[in-house]
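Heads up, the next two complexes both have subunit A, just with different partners, subunit B and then subunit C.
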Partner chain A sequence: MKAFFLIVTILASTLLPTSGVQSENARRLFSDLILKAGDEDALIDQLAETGDPYVIDLVAAVRIGGLLQDPVTPDKLIISLDNQYAYLLGGETFTGDPASLDKVRASRSLRKKFSRVVSLIELASPDYQARAEAAIKIGASQKEEFLPELRKRIDTQPTNTLKEAFREALSLSLLKNGTDAEKLEAIEALGDLSSVSGRDFLKTAREAYAQDESAKQYLAACDTALKKIESHEKRVEFIGTLFRGLSTGSVLLIVSYGLAITFGLMGVINMAHGEFIAIGAYTVYVVQNQFAKIFEPGTFGFETYFLWSLPFAFLVPAILGALMERGVIRFLYNRPLESLLATWGISMIIQQAIRLIFGAANVQVTTPEWISGSFELFGASMTYNRLAVIIFSVVVIFMTWVLLRRTNLGLQIRATMQNRNMASNLGIPARKINMLTFAYGSGLAGLAGAFLSQIGNVGASMGQAYIVDSFMVVVIGGVGNLVGAAISSMGIGMVDQLLQPVLGPVMGKISVLIAIILFLQWKPGGLFPSRSRSLDD
Partner chain B sequence: MIKSKTFFSPENLAFIVLGVFVVVVMPVLNCLPVDNPLHLSTFQLSVWGKYLCYAVLAMSLNFVWGYTGLLCLAQNLFFSLGGYAFGMYLMLMIGPDPVYNSALPDFMDFLGYQKLPAHWVPFENFWFAIGAVMWVPGLLAFIFGYLAFRSRIKGVYFSILTQALTYAASLLFFRNDTTFGGNNGFTDFKTILGYSLRDPETMRAIFIASGLLMVFTYFLISWLLSTKLGKVQQAIRDSENRVLFSGYSTLSFKLLIFTLSAAIAGLAGALYVPQAGIINPSEMVPSKGLDVVVWVALGGRGSKWGPIIGAVVVNLLKSWATRAYPESWLIILGAIFVFVVIFMPNGIVGLPAQFKALRKKWSKQPEPSST
Partner chain C sequence: MKSLLKTLSVGALALAGSASLYAEESVKVGVLHSLSGTMAISETSLRDVLLYAFDEINEAGGVLGKKIEPVVVDGASDWPLFAEKAEQLLVKDEVSVTFGCWTSVSRKSVLPVYEKHNGLLFYPVQYEGEEMSPNIFYTAEAVNQQAIPAVDYLLEEGYKKFYLIGTDYVYPQTTNLVLLEYLQSKGVSLENIGGGLRKGDDGSIVSAGKYTPFSHTDFQQIVAEIKAFAASGDACVINTINGDSNVPFFKEFAASGLTSEDCPVVSFSLSEDEFRSLPAKDLVGHLGCWNYFMSVDSPENTKFIDGFQAWLKTTDVPGVVKENRVTCSPMALSYSGVYIWKAAVEKAGSFDVDKVRAVLEEGIEYTGPAGTMKSLKNHHFVKNVYIGETLENGQFDILKTMEGVAGEPFLKGTFK
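Right after this comes the complex of A and B.
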């Protein structure tokens, strides 16, 4: 651990001259340049050759007036960082009065050269992501001076992504600076690379060619390239929508799966379902606070809090659900409408109790490092927490399937849900089964809350936003059918995400609700209606 | 079930007394000089006026739920739609305001409207607005009801769908670009039919109108229940399939009842708005729809008095508890709810019968047998 901290400290302080032994060369060259001790062009070339990222910081320091000079000893440059003053060479701290120092300014021509050096160093950045971005930026600037540099570096790039980025940058630049043949090649290359940043340049080029009768060939090439880029963008957008739909659907799924059990299987209209979601989220909050007391926030130990909180997020609502079933629900199995009213009362009580205990404002749940951030898939950006929800929803489906279809308890649950009296006649402890099933459904709601705490706000009424949607999912899926609930939540999530870009979030949601009502005209029993010979089902 | 044998049943006579008290006595008390101990202030009168509107709302829900078995969670939506329709008229009666110097409602000036949207124009007419108060919710109920009843959606599913309808509508009204004032809704009303809403006389007239609406609704529902329609209606509640197999089209009966109850709720909403002085989408959120259900359940559903008692008791309790126990009011309400559902299935109105049954049980078995 100590070694880890040491490394972090060193990394954090590389900006200060005291620690950067490797930067000594760059620092000396820089100092010479500023103090005009030697041939400027030769020094600039040497500085660029160092490839030292520290130069970027130095140039930035000059720009913001962070490079200073003591009038007494003008040949010793002083650099200021975070109100600490140190000599550029050697790195000793400057102990005099900072107010007595003069700011060093670079001449216009030197600044221009510096910016070139910075670009070149960025082009060689050890961070591949930054290097690719720098290449595109330089290409988009279409400055002729970088053309040879880009050309020189393409083949030496270590990865394909980088090679493509450099080719894209080169093509962007060639669009303006190349010969006619090179221009044509560049247009085609931009199309092949589906360069999004090249689109505007291609459009401008196309307009110019459209004026010129003799450039039909170029015009056609531009059109093909633009079409390619457009189709690529559409594909990316489609994949993005697909992913967002999948993740919205997964959120709906884990939120409504508990309800599919309590409402769908047991026939209890649990209006307090949303509050069990909130309880799950608050359980995560409590566990997080306990972890924060033991571990420093940001450490490995603290980062794992979310995993440890999951069993609690299941158990706490499950126990409360079991109590609720024993105390209230069991009197109302034959009166579904009244179970709606009683659970609504319970939901009010829980909501207000949460407000009294944790305050009315939303609470802060930190997302661990390992599920924040995003990655790219086929050009579409996806966040890890959304991916985690998708994976988790699959786990929930699997877990429930195993419980219901592959265990003895599951058999008893299904028997009891089909016919309570018949099941207890056959020796199944129906009371216990009722309680366990309700507890399981409530526990799933709690788990949903745990995941929602990672992607949304945690407040006492957080569950209310999902309750209407969850009921819709269960009704559309076909009451009592868990597969139906899974399919319908994915379907609703997809439709929601497809409509949202077109209609906006609110109108999209309203259209989904209207679509659901119309869907029930066509299939009143949902996707998978329960078959029964009883008349009043 | 309570049968309405004659018009002069004790139940109806008691209601006539209540009606006279509300329509005559309370306004008279309001007319008394301020220093008289029996004086009822205009503020209190308008609070009671709001309760009367709630009572009518509860009666309209009781009509569909208590007597037909359709638990509608969109009753507050119909109430708010009536309120919005009448609120549109009241907004147009405000007249030019000094800030924007235009006759448009303030929020429209704010959003940069140059002229009144076409669907607002007819609301300058009072009678059109009164008509809209009934037909707008009625039409929505008709369309929704037709779709729902046609595909035999009933019981819990009907409740859930009506809740979804309410949710969708509230989302729509929370938006700014639907020309209904967004979050803030309508407020700052000034005049009605040329009379200032600050005058006690105007408020008294609106209060009397609310009282009359309650009396009218009571007798309308009583009369309907005594007709064949009412019999079919209650038969649908008790066993819809038998009614269906007897050759009745339950669709048209349910549709008529649902539409009528929505129109009544709309009227209640219209009278509520000038007395509350505001209408906004928070009246439309799904939880308000459940509140109405609480009133009816607590008072006693399927009874004529139940919804009135429930609406007044819960709201009195609310206004007292939100002052005395602001933090735990929701807990109290929730607990009452659970208690009522489990221990008082017939609500307050059903309590005497429940006690009677208990006493009978005890007198029959003075000592519980030890088996």
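Right after this comes the complex of A and C.
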């Protein structure tokens, strides 16, 4: 949904000349503020009064060094938006060399003031979530001068959510600036709205009332409100934990699903699995750099780089996986110890190769605008990049299920994995099938790497962080069982997130490992032990 | 193959020859850093800057007329190995001084070795204090030269709630305990210190803040907690996470909609050198506090940066990365350490450890890239403290400078 809005705004901004003269007033005030021409507070007030949404763009540009100055004519500011350079006043395009310009910065205190102006302007933002957040920020500042602004807007808000946000903002402010009756009403309103932002303000207010014998009524109201907020927070925390468990689980799932195929189905102890994850992530990095050469970063074309990189993030590791299977693994099918050592060696070779090509330091993969940010669901905040991982993990399960259960190739794969020699005797090209299966597993690892690049590090040894977890998931799920791997990764993710708030990240992780050891004592074959009729099992 | 062997042996002979030629007019100096393993990314830069300092001094005539002959050993991010290598430097190579160590645990591993053999070590990286070995000089930031000024700045800026987060080892744990005492002494209530407290059997607080293992990647829970903590405003985060865990932390932080205007993060382990591999756009506006920034505007600093860049272009030391190099506080303090040692040796007229120490304890002043530094009796230094905010290009914009802050290692229990 957000992505859609973004595309619309990007299209709109390229079609419509938003940098036209209608924002001239805001531009002039902004320029004066930066160049310190006039009284800062007065100018800030005037800038807020314009209510011009263009100010939001300007503030964002200053933040990332997009406001420039020609050393020859320092009083003419130049603004760079989406890599278009234009004079701030007048809006004419700057035709000189952008490299000759100096960056202009705003001081921290000025940026804080800008941030308040932005909130005020966003009170009328067409993006409802931004509007609600802005209202609450304004309310939490508890500044008396904003009261009329909030009062004026509350009744004209189009949705209930927005009305509630404005009511919350108003109550936050009234808690300090209102009359006694208004204060009492505000306390009750904050409780009814389960305002998390109001919690600390209520606590402070409660302390003050506790000193005052005559304020018993207020004290009681505060207590009730705080109780309501607390129970709301508990509920939000629970939903949040569920989402985070799901997200941690799906990260585990995507990193381990490739291994569930190469180790689980094929029986190869593949220590180089983590490095295929890294290769996938580096493929995204390479595609991103190529896109950066064609499109300017920040443009719509560049933003799509991540989607285009996905096929490559699958194919590059898949081809390398196929080569590895042909070159090394196929000689070691019945010798698990040797395959462990050989793949471990390969993993070190790949790591070192990555360091030689890309350098030892981690590389930066930018997150496209359309999967950054967060949204709220029942009060709990969720980020888009994590949501993308969850959706992707479902796709992976579905894709693999279709491949194995609904295609001829899948049938051949399953037959080969059960008994290589017998399948071969029946006319299945077992060698080819082995290679394709290994390539598919490696390709999945690469895709996992692509998504991990959006939430964490991209470095030569990034795979090492996931290899133990991957084996853990596959063993718990029952070796050879893909459904088991899916359930076990979700289970481990949930347990991890449920324990973390109670025990902390360090003890939480240790407890999960202990739980796994105990579980394997109880069920050595994992959740779904594979049954087989062959004699050596 | 044969010819390769030949060149190798000729090279080895030449090296041996030059080494013996050196012997009379040179002084051996140890460099003890991790050149492989997880810490290599940070520590290799210190090796580079030390070699640069030695070359610069040698060109200008050396120390007491003797050329510096560096003995570079690799601690390999392996703490017991650090102790072994230190022993090797002191006993086999008989170095006059060592510049080295990054993590506190590596310093703690070599400390007994230096005390046993009466060696001399200069330690350049910000640390937790509560230590003062007669054989170590700490050019590093003590807690009162980094964490406390940073907290002071945040208090001045009107922040009232502090969330403490770090990696689970001695530096973050100790620093946060000191900060907890300091914040309480400034009237911040326990309720407004986030991250959780752990109490010992006797009811005293043994750990403050939230800790993650090294290379932790999942910060969802913690960021959600910070978001709730910061919901009513005036909150900030004190970050002592080490290494590349910072990337997922800042990515999660930015993705959850928190910005540096709402809730700034002040990091003690992120310098310009680390920014080379961090997502800069997620870090804009967050704060740092060090005794040196690359953006410090002084002739000494310009000379240092230009000299280092020029050295990078001409050096033939294998493994030196030549592109996109920056300077940072541990580098500048390593470099300054070499010159302070040189000044002390020249004043003492000897390389003898006891004599050099005596001179250093009396006070040696040196003006370098990090401003004017002066050694103190407690083996720490008087230095400038800078607070800066991160720019999108991975540099710091200096917001505040505090001149002449004296390093003090023992802070626990001193705040009332």
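To be clear about the criterion, the second predicted complex is superposed on the first by the 320 of 537 C-alpha atoms of A that agree within 3 Å, B and C clash if a C-alpha of one lies under 4 Å from a C-alpha of the other, contacts with A are read in each partner's own complex, and residues count from 1 in each chain.
Heads up, the rule we're going with is that contacts are C-beta pairs under 8 Å (C-beta built on N, C-alpha and C of every residue); 3 or more make two chains touch, one makes a residue touch a chain.
Bear in mind the structure is a predicted one, so any value in this text is a computation, not a measurement.
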{"item": "Partner chain in contact with A:269 - subunit B first, subunit C second, else both or neither", "value": "first"}
{"item": "Contacts of A:347 with subunit B and subunit C, given as first, second, both or neither", "value": "first"}
{"item": "Which superposed partner A:516 touches (first subunit B, second subunit C, both, neither)", "value": "first"}
{"item": "Which of subunit B and subunit C A:90 touches, first, second, both or neither", "value": "neither"}
{"item": "Which of subunit B and subunit C A:385 touches, first, second, both or neither", "value": "second"}
{"item": "Superposition-derived comparison: subunit B or subunit C, residues of subunit A touched", "value": "C"}
{"item": "First (subunit B), second (subunit C), both or neither touched by A:472", "value": "first"}
{"item": "First (subunit B), second (subunit C), both or neither touched by A:201", "value": "second"}
{"item": "Which superposed partner A:98 touches (first subunit B, second subunit C, both, neither)", "value": "neither"}
{"item": "A:367 touches, of subunit B and subunit C: first, second, both or neither?", "value": "second"}
{"item": "Subunit B and subunit C contact sites that coincide on subunit A, given as residue numbers", "value": "506, 509"}
{"item": "Residues on subunit A engaged by subunit B in the complex (per definition of touch)", "value": "269, 271, 328, 331-332, 336-338, 340-342, 344-349, 351-353, 356, 464, 468, 471-472, 475, 506, 509-510, 513-514, 516-518, 520-521, 524, 535-536"}
{"item": "Touch list for subunit B against partner subunit A, complex", "value": "71, 144, 147-148, 150-153, 155-157, 159-161, 163-165, 167-168, 171-172, 174-175, 241, 286-287, 290, 293-294, 297, 327-331, 333-338, 341-342, 345"}
{"item": "Contacting residues of subunit C [partner subunit A, same complex]", "value": "40-41, 161, 168, 191, 196, 210-213, 215-218, 220-222, 224-225, 227-228, 231-233, 244, 247-248, 251-252, 254-257, 261-262, 276-281, 284-285, 321, 389, 391-393, 397, 399"}
{"item": "Subunit A residues within the subunit C interface of the complex", "value": "63-65, 105, 108, 111-112, 115, 133, 137, 140-141, 196-201, 203, 233, 240-241, 244, 247-248, 251, 359-367, 372-374, 380-381, 383-386, 454-457, 459, 465, 496-497, 500-501, 504-506, 509"}
